[in-house]
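In the two complexes that follow, subunit A is the common piece, with subunit B as its partner first and subunit C second.
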Partner chain A sequence: MGVHSRTRARFTALHGTRAAMLAFGLSLTAAPFSLSDALAQTATARIALSGGLDRLDPSMSANGTDLVVMSQIYETLLQIDPATGELKPKLAESYSAKSPTVWEIKLRKDVTFHDGTPLTAADVKYTLQRLLDKDLGSPHYSQLTSIKEVRAVDDHTVEIETETPNPVLMRRMQPIGGSGRVFIVSKAYFESHTPEELINQPMGTGPYKLESWQKGNSLTLARNEDYWGEKPAIEKGIFTFIPENSTRVNALLQGEVDVIQRLPISDVERVKQSDNAHVVSSPNGLVHTLLLDSSKPPFDDIDVRKAFAHALDTEDMVDGLLGEYGRVLGVPLGPNAVQFDDTIEPYAYDPDLSEKLLEGKTPIKLDTFTSDGRYVNDRDFYQVINSQLDQVGFEITPQTLEWGRFINMMQNRSGGPFYIIGWDFGEGDASKMNSFLQSSSALSVTQDAEYDRLVAAAGQEPDDAKRTEIWKQVQKYVHDQYFIAAVWQASSLYGFSKKLDWTANFGENLALSEFKLSQQ
Partner chain B sequence: MQVFLRQAILGILVVLSALTLTFILVRLSGDPTSIILPQDATEAQRALLREQLGLNQSLVTQFLSYLGNAVTGDFGKSYFDSESVTSIVMRHLPNTLVLAGASLAIACLFALPLGVMAAVWRDGPVDRFVQVAAVIGASMPSFWVGLLLIQVFAVGLNLFPTYGTGSAAHLALPALTLAIYAFPSLARLTRSSMLEVLPQSYVMAARAKGMPESRVISRTVLRNGMVPVLTLLALEIGNLIGGAVLTETVFAWEGIGRLAITSIQRRDFPVVQGVVAYVAVGFVIVTFLAEVAIRFVNPRLRHK
Partner chain C sequence: MAAMARKLTSLRGSQIIVALALVFLLVLAVMAVTGDLMAPMNAARQSLRARLMPPGFEGRQGIHWLGTDSVGRDILSLIVAGARPAILVSGFAVALAALFGVSLGMFAGYRGGRMGGLLLYITNIQLAFPFFLLAVTIVGIMRPSIPLVVFVIALGCWVPFARISYSETMQVVEQEYIEAVRVMRGGTARILLRHVLPNILPNILVLATFALGTAIVMESGLSFVGLGVPTKTPTWGRMLSEGRDYISTAWWLTFFPGLAIFLLVLSINVCGERLRDITDPKQAGKQ
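Right after this comes the complex of A and B.
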């Protein structure tokens, strides 16, 4: 009951202003207002996302905002234990490697979909086969291609066989980390609905069901009262979309929404000082890598890469631009990854060394591209980097590009001699490094046979301890080779109403089911 | 009649060139598969998507099928949520029309009387005020005005919601923002076209006939002076759609301007093309109506 009276208090306060507006005759169609009447009775969280929602079919979207909503409706076989970073069962009861190429997964027997049908091995098999249908064009496809066959052994046992040993595959069976996710869908439901219906009417096993979706305007999730697991505290989640940063912050401070995604770092103080909101953050946000194109001059010369790296005072830069919400890393890897080597130090700021290394080579003229608004304070980062490089003999001519164009150029390996890309290490495994370092990857500007050889070995090593050992070697190698001039991680920042609280474990994953009503 | 026919043909040409230009420009802006797929998607994945979206066909083939479908009102489906472009545009258009209409009404409410007064009492206090207000209005970018209004009226005074689409309360701040954006050109043009008409001999003649000054202004001067203003109003609609892009983004107003900017950013070619097509057609129709209205206001033009 305490819960209800608190929520009621909030809405009563809102009603005051609304009533005043009605009295002034300002409100013609008071749709959102009448909505709040109904909500006053329930524990509701109103969440403002930074972008819109497109398709809520988990096989067809890897978009961040879609994932926020989908991961409340759909579930995965496994999950990450936030305390240890290790995998643990979710829809699965247990999982084990029967052989280096065969995984056996036992399913829970008490799970039902929102339509009441039980979860069986046939659903898991269908889910994986659908993702592996090349013509479907799933964004998750390329991360699952090692799967050779999926077998439903009995109603609650599934076997996944891979072409070659693939120890990372089970990391795809948990919900965090962007593309490559395997959310379990209902075979019967998916076979009997059109692709358009599947995009618009998601139906899974999760703690929330889709209640309504007014495209472009709002989406409402209602708690699944028949949920197999622990019941979440929040009964209803209403998602709206506010792309403009300052508008999102104002909406939070005015009490029009309870939660905002992507709180800009410049507004942190405002939120902290407000009476009704607080900051929730996770240090495990995007890992920003300053990539050097070592496949072309001048960075095919390790001395030039080394000079570049030591010319930067990354510690000072991150401290100045991100403050307590940023950290400098020695290796291009999220510290939440099990193989993270914390003994490797970031490159020291040593402009004298840089100048010495560049003797006889300066000035090195570079035409570069920069992004503005893609990552936290990215334009400022580029400015500081350029001015520090300038002092040791580089001459930078920067040009700002809109992201769509820039990422396209990077994929065609023509994004310029150096640039920043951010990576989601939510999956918690070092293999994500391959996305920007392995020769065959779309965004890699490193063509290095030794790196490729090492990670190929790691990719097939079934023994966890040995695999970690190889990945530590890789990290040392990448550090010694100066492929990446600087690495920093920015916290994921959220603004929360004081009525709600949440422990953000995994960076970019806003999980409604974990929200708690504050004990005030 | 002939005038209208010429206007119609011109209109069709305008729409056609807008369609062609958008088709070319969006394709120059980059490859949508880079945005739709995760950033580390493989080249094979991107190639498959390009094929599915029909982007691997020759530009001529793509253009012809696009134009052929566009004539029948079919602009295809969004790359992202597979919804038809027409239904997406139709969902956003009314919001923008409401916003543009409201802001134009507010702008006219202030700009027209003030412009007339400024002309009649030239160099007087009203004139000074209009000139200064116009300069200030024109030099403030609309997104900034929007943020300012949110800060004062939503955050500070708590009178209006900070964002969203729906009620009249939601409409107030964005409409005011756009009105401030539209005010300067309207006020200045009203003033200058009034000034042009005032010294005309027929105005003098009207006065000589003993017509009261208020009647001279309201009948003779206004009627003649309104012609360029009406034309500008039609153009202003196009301008407002442009201004709406920023205003709608700031207020999270679910209109066509915000739709355009998001679709451009994420390379949703069919939606961008659809938005431009609808706006172009709308613009042509409004200009056409303005032409009719001008003839109605000023009978002398009817026979030209």
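Right after this comes the complex of A and C.
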């Protein structure tokens, strides 16, 4: 997931102020940029991201918008086959487990970096060692700590040895899912440049290379003509940043951009009915979890958690606010994950039960924080949740926080008694649940020994079937313990110009190289 | 005061507008005092099935004359409920600003010399800070609460009070009768309250009406960026900001609260202008 989006937050705050002035000054400005139509003659895609860019060093950023750009420039050893959900080779030619703790990876021999140097095992070894340097402070570090040693056996063979058996390690070697991903960088390039240069001048093996980056304004990618793989249809990608929803949609409809991220649901119909744009969606968007802080009162009491969960009419909420672009889930896991247990039903709406559970207790006061604009219709979700809680006797005092500050508080476990975080389950594995449920994770407000014990067992189980079995037990346990009051998944929605088309296989991951030009 | 009131209510030509503005203000004042009682429906009641419905939509609670918002609340009722924070918060803020500004201004004007210089210096510093930046910083650091928002808005509008009362006081204290009071050993407080204040009060009242207009816009602006008065039902500024996402698909979410702010500030300014004309002797014969 991309929680580290300080830039985006800064953008939003700034924009809020400007919008206030705009509203009261009664003036309207044109879209902040305009590009000549001549560019459209070459196969160019102009893409409006919902937030700004921070730093484009893949070892230093897990920010959502950064990842969109970085995953065009850098590549991973493996990728996910969208048809089966299984891993398949990318920069690697093949991979295998030599023993329960040793993975052997054979690299392709025809891959070169943008500067012409060939990709070798030394680059892979350097990449992993760099991420494992605690002092670097990489957001991917905590998910890779099981690695004990990386060995370059010959120019195109790498061995990765782990402390204990780690069957999910290879899932970190594909690009989907936010933090913990391993994008391969060039040893020579990274050793000869300063951290500042690495952030500003990304250089990898991918289908696109950086052409120019005017900070805060636009970033241009050019097709890598020496690319080892299939040549993409789009020659140039121009990224701009429009945090404000309606401005972004208008830019698409007026033909100022060809692609927009995060199309608001309320604008879907408008885009569908327009002459020059269409909607691209994937049901595998963020999985939104309503996390309860069970480490302290009042939610350390399971009865209170239960009363909370049954007070919410999640089905009605998701139906009303997301319509056909949302679904309620029984467990905090993307249905694309192999371990997903579809037999567990979401908590039923039962306000009488909630009132009964709260009977005799002193009224529970909750000082909560909410986000606005971070997730699809999050403000409306919070409002509905608060009003439904109010009806069964909880007393809520909400306060809206700017996301950058909110996420910092969550990481210090002081984000309030309950809040919503959305997770990208694109990698298709249940182990992502640990990010918000395992005691050791910074973003977890659950401190539960039994959960930790179960997932530790699952993490070391080499046999896939047995592993899935343990993960099903975990899901049952999490459901019975009411750690998470509601779970829903929102579709990833994009607006595309009719000139372009794309199949969104993995929700949040926008892949420029998969864009196709429409025949007109 | 009675003469003033007579002048205000006598309908002469363009004064119909003033009358309308007064009626509008009166209605809003009643709404602010009674709160939810005046609202046609329960402003807090949500209905996801009736979200984003256009004006005139008939829901289970009755007809939503101004439509419903993104969680199905009645916009007319929300506007009525939002009158209280809009008027009371800005009213208190202006009162606080006037109290502080006038005391400081009168004192500095009476003492003159270095005190006057110091006051001008302080007001210059205050004016050099962009209000919105200051407000966002203060409210952002502390948890928003009603007293804090009142304080911040007062901070944004006390300067004109200080400046006007400073220069007015300087003129008043040069009058011979003040000298007479001083000779008779009248204390500073007595001179300022009994003799200076009544002289400058009409100007301060005019200033206060204009400041009220500014304060309402400030309050809405703070609410717009999410730093306003914390309430369960939105304030006008927050309604504007919440409706922003739907501006191209459901215009009524932003139009009506915007209209409410516009009409309130316009009414206050119309009345303020009239008040200024009445109290300014130079304008008296020009009507």
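In the analysis below, the second predicted complex is superposed on the first by the 479 of 520 C-alpha atoms of A that agree within 3 Å, B and C clash if a C-alpha of one lies under 4 Å from a C-alpha of the other, contacts with A are read in each partner's own complex, and residues count from 1 in each chain.
Everything that follows uses one rule, which is that contacts are C-beta pairs under 8 Å (C-beta built on N, C-alpha and C of every residue); 3 or more make two chains touch, one makes a residue touch a chain.
Please read all numbers here as calculations on a predicted model, not as lab measurements.
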item: More subunit A residues in contact [subunit B versus subunit C]; value: B
item: First, second, both or neither for A:271, with subunit B first and subunit C second; value: neither
item: Touched partner set for A:217, first subunit B, second subunit C, both or neither; value: first
item: Touching partner for A:160 - first (subunit B), second (subunit C), both, neither; value: neither
item: Partner chain(s) touched by A:134 [first = subunit B, second = subunit C, both, neither]; value: first
item: Partner chain(s) touched by A:196 [first = subunit B, second = subunit C, both, neither]; value: first
item: Which of subunit B and subunit C A:246 touches, first, second, both or neither; value: both
item: Footprint overlap on subunit A, comparing subunit B with subunit C; value: 17, 21, 244, 246, 250, 402
item: In the complex, subunit B residues that touch subunit A; value: 29-31, 34-46, 48-49, 52, 80-83, 91-92, 147, 150-151, 154-155, 158-170, 172, 249-252, 254, 258, 262, 265-267
item: Subunit B partner contacts - residues on subunit A that touch it in the complex; value: 17, 21, 26-33, 52, 54-55, 62, 134-135, 137, 139, 141-142, 178-179, 195-196, 199-200, 215-217, 240-244, 246-248, 250-251, 253-254, 256, 402-405, 407-408, 411, 421, 435-436, 441-443
item: Sites on subunit A touched by subunit C in the complex; value: 13, 16-17, 19-21, 23-24, 244-246, 249-250, 264, 266-267, 269-270, 316-317, 319-321, 372, 377, 379-380, 383-384, 386-387, 390, 397-400, 402
item: Complex contact set, residues of subunit C against subunit A; value: 44, 46, 48-49, 51-52, 70-72, 132, 136, 140, 143-144, 217, 220-221, 224-226, 230, 232, 240-242, 244-250, 258
